[in-house]
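Letters are used for the chains, namely A, B, C, D, E, F, G and H, taken in the order the chains are written, and counting of residues starts over at 1 for each.
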Amino acid sequence: MDEFRLDWERVGRCGTSEAVLCEPKSVAQIDAIVAHAVELDRRLLLTRLGPRKLDRLSSASREALDYDAPTRTAILGGLPAQTAAGRVAIVCGGTSDIRVAGEALRTLAFEGEAATLLADVGVAGLWRLTERVPEIRSHRVVIAVAGMEGALFSVLGGLVPCAVIAVPTSVGYGVSEGGRTALNAALASCASGLAVVNIDNGFGAAHAALRILGAMRLPGVTTAAD
Amino acid sequence: MDEFRLDWERVGRCGTSEAVLCEPKSVAQIDAIVAHAVELDRRLLLTRLGPRKLDRLSSASREALDYDAPTRTAILGGLPAQTAAGRVAIVCGGTSDIRVAGEALRTLAFEGEAATLLADVGVAGLWRLTERVPEIRSHRVVIAVAGMEGALFSVLGGLVPCAVIAVPTSVGYGVSEGGRTALNAALASCASGLAVVNIDNGFGAAHAALRILGAMRLPGVTTAAD
Amino acid sequence: MDEFRLDWERVGRCGTSEAVLCEPKSVAQIDAIVAHAVELDRRLLLTRLGPRKLDRLSSASREALDYDAPTRTAILGGLPAQTAAGRVAIVCGGTSDIRVAGEALRTLAFEGEAATLLADVGVAGLWRLTERVPEIRSHRVVIAVAGMEGALFSVLGGLVPCAVIAVPTSVGYGVSEGGRTALNAALASCASGLAVVNIDNGFGAAHAALRILGAMRLPGVTTAAD
Amino acid sequence: MDEFRLDWERVGRCGTSEAVLCEPKSVAQIDAIVAHAVELDRRLLLTRLGPRKLDRLSSASREALDYDAPTRTAILGGLPAQTAAGRVAIVCGGTSDIRVAGEALRTLAFEGEAATLLADVGVAGLWRLTERVPEIRSHRVVIAVAGMEGALFSVLGGLVPCAVIAVPTSVGYGVSEGGRTALNAALASCASGLAVVNIDNGFGAAHAALRILGAMRLPGVTTAAD
Amino acid sequence: MDEFRLDWERVGRCGTSEAVLCEPKSVAQIDAIVAHAVELDRRLLLTRLGPRKLDRLSSASREALDYDAPTRTAILGGLPAQTAAGRVAIVCGGTSDIRVAGEALRTLAFEGEAATLLADVGVAGLWRLTERVPEIRSHRVVIAVAGMEGALFSVLGGLVPCAVIAVPTSVGYGVSEGGRTALNAALASCASGLAVVNIDNGFGAAHAALRILGAMRLPGVTTAAD
Amino acid sequence: MDEFRLDWERVGRCGTSEAVLCEPKSVAQIDAIVAHAVELDRRLLLTRLGPRKLDRLSSASREALDYDAPTRTAILGGLPAQTAAGRVAIVCGGTSDIRVAGEALRTLAFEGEAATLLADVGVAGLWRLTERVPEIRSHRVVIAVAGMEGALFSVLGGLVPCAVIAVPTSVGYGVSEGGRTALNAALASCASGLAVVNIDNGFGAAHAALRILGAMRLPGVTTAAD
Amino acid sequence: MDEFRLDWERVGRCGTSEAVLCEPKSVAQIDAIVAHAVELDRRLLLTRLGPRKLDRLSSASREALDYDAPTRTAILGGLPAQTAAGRVAIVCGGTSDIRVAGEALRTLAFEGEAATLLADVGVAGLWRLTERVPEIRSHRVVIAVAGMEGALFSVLGGLVPCAVIAVPTSVGYGVSEGGRTALNAALASCASGLAVVNIDNGFGAAHAALRILGAMRLPGVTTAAD
Amino acid sequence: MDEFRLDWERVGRCGTSEAVLCEPKSVAQIDAIVAHAVELDRRLLLTRLGPRKLDRLSSASREALDYDAPTRTAILGGLPAQTAAGRVAIVCGGTSDIRVAGEALRTLAFEGEAATLLADVGVAGLWRLTERVPEIRSHRVVIAVAGMEGALFSVLGGLVPCAVIAVPTSVGYGVSEGGRTALNAALASCASGLAVVNIDNGFGAAHAALRILGAMRLPGVTTAAD
């Protein structure tokens, strides 16, 4: 237990649970963390766990984890009851962005928040987006996921009043390789009020959405229902 | 009227009003825009209007505008009634970040949203921040403004459950000149769920906060008051 | 005459005339070039000639030049007869991009090609663009001019079959300062077949348009009129 | 069919067909797209499909596709009748650039446009280029493909009146690794009017050429044949 | 012996021993260096020696070396007697940073300097750090190791009077990939007086600590004990 | 007093005093800070205070401050008694680096630490450095200040056993403009154990030196004198 | 004399004289250096001395210096007898590059080496270069000066057997602003064997030429004359 | 023969032979080039030919080539008689730089020019360099090869009058990964007159040396022997 200290109090302090970023951790470290959480009977979300690293985990770890290959996420301890859908929409610019969108979806599910996924609504065929605007507008938070030049963020931001969280992805080549172009496009958008997270950070986008939804539950908020 | 078309419908579509970014516009263009809005009896927010450019505007424009030099903002048509404070806190890492924080404050005020400003609570003297955490936690949205290395974002994000919007500033020199270091620190924060806007973009942070608060007003949200 | 050699043969070889980029040249060099062209009775286009440098030119140069301050262009020897409009449309994302669009317009006019300017049709208010798509589609070449995140390029590219030349501008701040974000967005666009020129290079966009239009005049092209 | 929506209308709207960028897509996604197109009896172009990913596709996909390894392109549904050659020349700076040139060639062929390929005419041996200038000048559009320092673009641009589309490639090492040096050289060329596409984007260059050629077919263009 | 000349005098001149950076060296070169040191009966530290390269070394080399896989270090000739602990603390932001911290630990041990390792005290759960501040303050030199946004450096620097050496790590993705964000955060820290070394350079941090401790041993220093 | 909170406890907590970075602060803010410190009868160091901004301060501020133009520093409340020299040497690569070296010197003097300045000992004339090595070696801490390519850091680091703090400066043009080249050279030095601070950060280098010297004063250190 | 130490022995050691880079030095420093050299009756070259700084020098300095405004160089102590021309050619891509070429010319003249300047032979009009190739080939060393995309370096390198020194200039805008594009083009040139110096470094190019010519004078070289 | 055209005339025009950069070429392309050269009975140098690609070449190619694994070079047609040594010295900063130095050595040998290799004379142990300065000074051209921070270039440049060609290498990690830091250090060196080539470009350095030596052979050069 020397090499890690899990922050179980985070959910109370910040409204979201600690998760384990697996990519830079060794197999031994991940095994130890999983074993520790199992021992404490805690639920845990693991992100960026590649299939090869999964295969090298102990069989105890592998059996305990609910692994989803396309999103490279694993969940220990199962999912809680989900809210009724309708609060969060995840809108994807392209087919290639679905893996990042899926990370957001799984992270939300881990915290009990259902979400709607709308795939392949990129702006090169603008009709794919505009025909779904009414559906998107019915959500409180929209997570927009796009790579390449990230034009989706601006178009979407100009069409909906929702809180919009932009997730640039590393999809692209040449000048868009690595995701900096999409990231900068989100940050410099002419559609104001977009909130941006790190490249490929579906996990962080989900947590930002949860912070927003959590803020709504605080006492004293005046809503339309009052 | 050839050179601009104001998007008066934006507030209905997106929940926030169009504003005029003055920095890249000519004096003639700004004068024409102000005259047009006056003629239509519209309210308007102007941002990044430097004092030298203000001096070169027509006297008609200057008289019509309520100008605030430290934040380089000007407001046409006065402020609406403000909400009771308590929904948005603006937390500043250093004295030098106040000009950006002020842009956010003025933008919120333009839309009728009061906010609380907490200045100079940088992490080099951590006690300045920790003693104010309870006060900060009582807000729904926190706009955090910091330059240099932007460590404030992570520390704050780990201490409050609010929606946190990080505004990196261009304050700093050497490797932090221009604000990229603070921006990247916000995006790569180990405190998850931070929402980030462009460097020095107090205006955008305010609009992101308004989108979040607006989403709460939509019908059907279950709150703790229910 | 030691310091420059004008390439008068360029128009025959490349279809477009040599022009004088004034920004990096000294006042003495510009005066000498203008005097030389006057002596040869040649027409000449000067670009990026700032108002302060203009003021320091010899009175002979200043009298000979038709100067346009917003576009920082000067023309020696007047304009030729213009073609009927309808071949080139110049579409501007924002009011601040008009100075670059104007450079393209003046360059086209110098070669006798009339063009249509559509200003302030940025994607944050998408209706401003979509309502003008039929008009834009009626042109053979579209020069799209936009700064900040450059989303206009992708949206426009997905709506028209014309040759599209994207001109990113240096309008913006933070991550979009200097125009790299808009440039990369144009290059990485999900709308395929966009042709891109250097940042703020309205002149180059006009020359690219002229090369395209010139190619149409070559013998042997089969057109719809056949 | 949840994960993709093909934009079959694009060819009518933009003059060029949608294509499938395979690099960031999963094997399952590509298989599903191919199966869907087969079912609809549609032709389809796939780009950046590496040989290892090809091997992992379903046998149904592999049988349906006409794969070309050097260019990493696959075509579903065969090629249409080709135009007579002579409208597009593809000029390669070096032997290593042929794979990108080939992507352009295949993309043009998919749309029925024949093209001429001139390989290894780099400027280090200038005679290789100058002796072929008359042949190059006989085409309407020239696609120039070069890596390293990209000097070919400027030299070629100064010798021909054609529409020139520059495709920088990632060929090179040290400061030219990744293609940024060649890209910037194309954008900053002293030969004016070059149109540039993303690094290694032979596909995009072909689409830009098709937009240009398509613009010629629009009614009302006056040509030398008239 | 043509390809290398070991600088055995370095320890006398600089207070720290020469070490062998294995990453860019060939297997033959490393084998020759080890054989040479064995012949001279010298101790030697090897860094950045990956497990695959280790496997390809001669059996003589492998037997002579004490290899530690997680830190990729190998030691020839054993360790000297260690000082009593208490002079150097190594503080790790996250579990993933331990491999770099371990390189520092092994380098110190090679020179006979014991150190205390405090793992996983990142700022997202600030309590993990603050509860250990008294322990950290009891050391003369603190080596702080952190990736991602590197906020640990500033928080720690503001809480302790020790000499602080910041080691940014390449842990992170998106904007923090490669470690530049953590590096810049360390350099731009609002907590003054931090000393920074290269990304992932645990070895260099240990040497900087040894230079500091060595300076204390010089004659004529007035200490509290006097 | 709303806009700043001075951290007077810092010297007890960190061993160095808070200072005021003037560059990004307004004249009104600096005046208020100085007045506040005067009222509390506190000493204060101000850095990066340009002569033009000094001229715009209130006369009360100007009279209270001991200003040094070349180093752009101002001291309120005078200097304490200085230690005997001999603990810190400041070594300058070039004449142009003296302004940064001077900032370090003044910062040390503010804390009562005398230092020796050795100017213009750059490596292009290596004899200038080597003839002074014995003198440099007699100090405990060496602050090395250099711009351009920063080769001084490596040469010096290979010749002395002292703690070496490298301060890269923004002196240079072309690839060294802004100081990144010197910074990277310090970080990547083949002479191990160099500690690096931000570009032009003489202030930070002095604070790092003070942390090191302070660590020596802690009880229980064994020195050569024992 | 504290702030500088001139390296008068450099010419014996390296074959070229020390020079004074004025840009980062203060007026007081330059005055002191000039006075010192006058006192010793030494010749001295000053570079990057802007006209405004010149005006602020002491009258003694100004009278002693032979100043050339376009090249921003000043010479103290006059020029030596010049060699017969014909060993060094300086070839300029554009009129704007002449100021850098002039710095090389003056530096060569300071050391007594005459040179031939060929201006405005950029590759956009290739005939301007090719018609002068025989003249260029008759020199031993060619200094090529070009900004923007720097294609001149490759074309020239492929046409002559001389030693070629490429000097990229900061002439250009957008992606070529600052000179990095021209620099990278020189380094990545497909014409092999080009030697490159820093951006705008006419001085350094001249010194590289002098090193080359000096090497020829060493005893034992076999030349065609033997 | 469609895909390549070898420039056999280059040696006459430029003084150095065309070579084949193998890294970006396909196995089929390299095989075809070798077969073509064999057929013409030409000598040929191949560079950057990795061992795995070599293994995939045809047996005819492999038998025809004299391959050297450490330098990744292959020579077709054998070596010519070598000059007496003493004109070119190759000085290596570290053991890891020898592979690049070896590429230079092989390239020189291909053209018949013998050279002296001095390995591992980096500046961290300055005595390794200074004790060999007299030997280095006896050569006309010095090729200096160094990675990491590249301080060797400046130190060497300040000690010898020879023509110095700096070859930065990609040896290093963190900020020096890829070689940019060493490259920039060479370009910004305070030792004037260094000529720089691309990162890892031992081949180009050799060609630059050959251009310099070739220039000496031109008729009319006055040497010390005269």
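What we mean here is this: a residue touches a chain if its C-beta (ideal position, glycine included) is under 8 Å from a C-beta of that chain, and two chains touch if they have at least 3 such contacts.
Values in this document were obtained by computation on a predicted structure and should not be read as measured data.
> Going by the contact rule set out at the top, which chains touch both subunit D and subunit G?
The shared contacts of subunit D and subunit G, listed by label, come to C, H.
> Strictly by the touch rule at the top, which chains does subunit D share as contacts with subunit H?
Touching subunit D as well as subunit H, we find G.
> Check D-H, C-D or D-G against A-C and flag the pair whose interface repeats it, over half of the contact pairs matching by residue number.
Comparing residue numbers across D-H, C-D or D-G, the repeat of A-C turns out to be D-G.
> Among the chains, which is located farthest from subunit E on the basis of C-alpha centroids?
The chain lying farthest from subunit E is C.
> Fitting the CA atoms of subunit C to subunit F, what rotation angle results, rounded to the nearest 5 degrees?
180
> Sort out for me whether B-C or F-H is joined by the greater number of C-beta contact pairs.
F-H
> CA centre of subunit B versus CA centre of subunit E: separation in Å?
So the centre of subunit B lies 43 Å away from the centre of subunit E.
> Taking each chain's centre as the mean of its CA atoms, how far is subunit D from subunit F in angstrom?
56
> For subunit A versus subunit B, what separation do you get between their C-alpha means, in angstrom?
Centres of subunit A and subunit B (C-alpha means) sit 26 Å apart.
> Counting only residues that touch at least two other chains, what does the list for subunit D look like?
Only 10, 124-125, 157-159, 172, 174-176, 180, 183, 187-188, 191-192, 198-199, 201 qualify.
> All pairs of touching chains, please: list them by chain label.
Touching chain pairs, listed by label, are A-B, A-C, A-D, A-E, B-C, B-E, B-F, C-D, C-G, D-G, D-H, E-F, E-H, F-G, F-H, G-H.
> Can you list the subunit C residues touching subunit D in their complex?
Against subunit D, the touching part of subunit C is residues 10, 13-16, 19, 86, 140-141, 157-165, 183, 187-188, 191-199, 201, 203-204, 206-208, 210-212, 214-226.
> Show which residues of subunit C lie in contact with subunit B when the two form their complex.
Subunit C residues touching subunit B: 70, 95-96, 98-99, 117, 119-121, 124-125, 127-128, 147, 171-177.
> Would you pull the subunit B residues touching subunit C in the complex into a rising list?
For subunit B paired with subunit C, touching residues are 2-5, 7, 9-10, 18, 21, 23-26, 29, 33, 48, 170, 178-180, 183, 198-201.
> Could you please specify the touching residues of subunit A with respect to subunit C in the complex?
Its residues touching subunit C are 93-94, 122-126, 148-151, 153-155, 157-159, 172, 174-176, 180-192.
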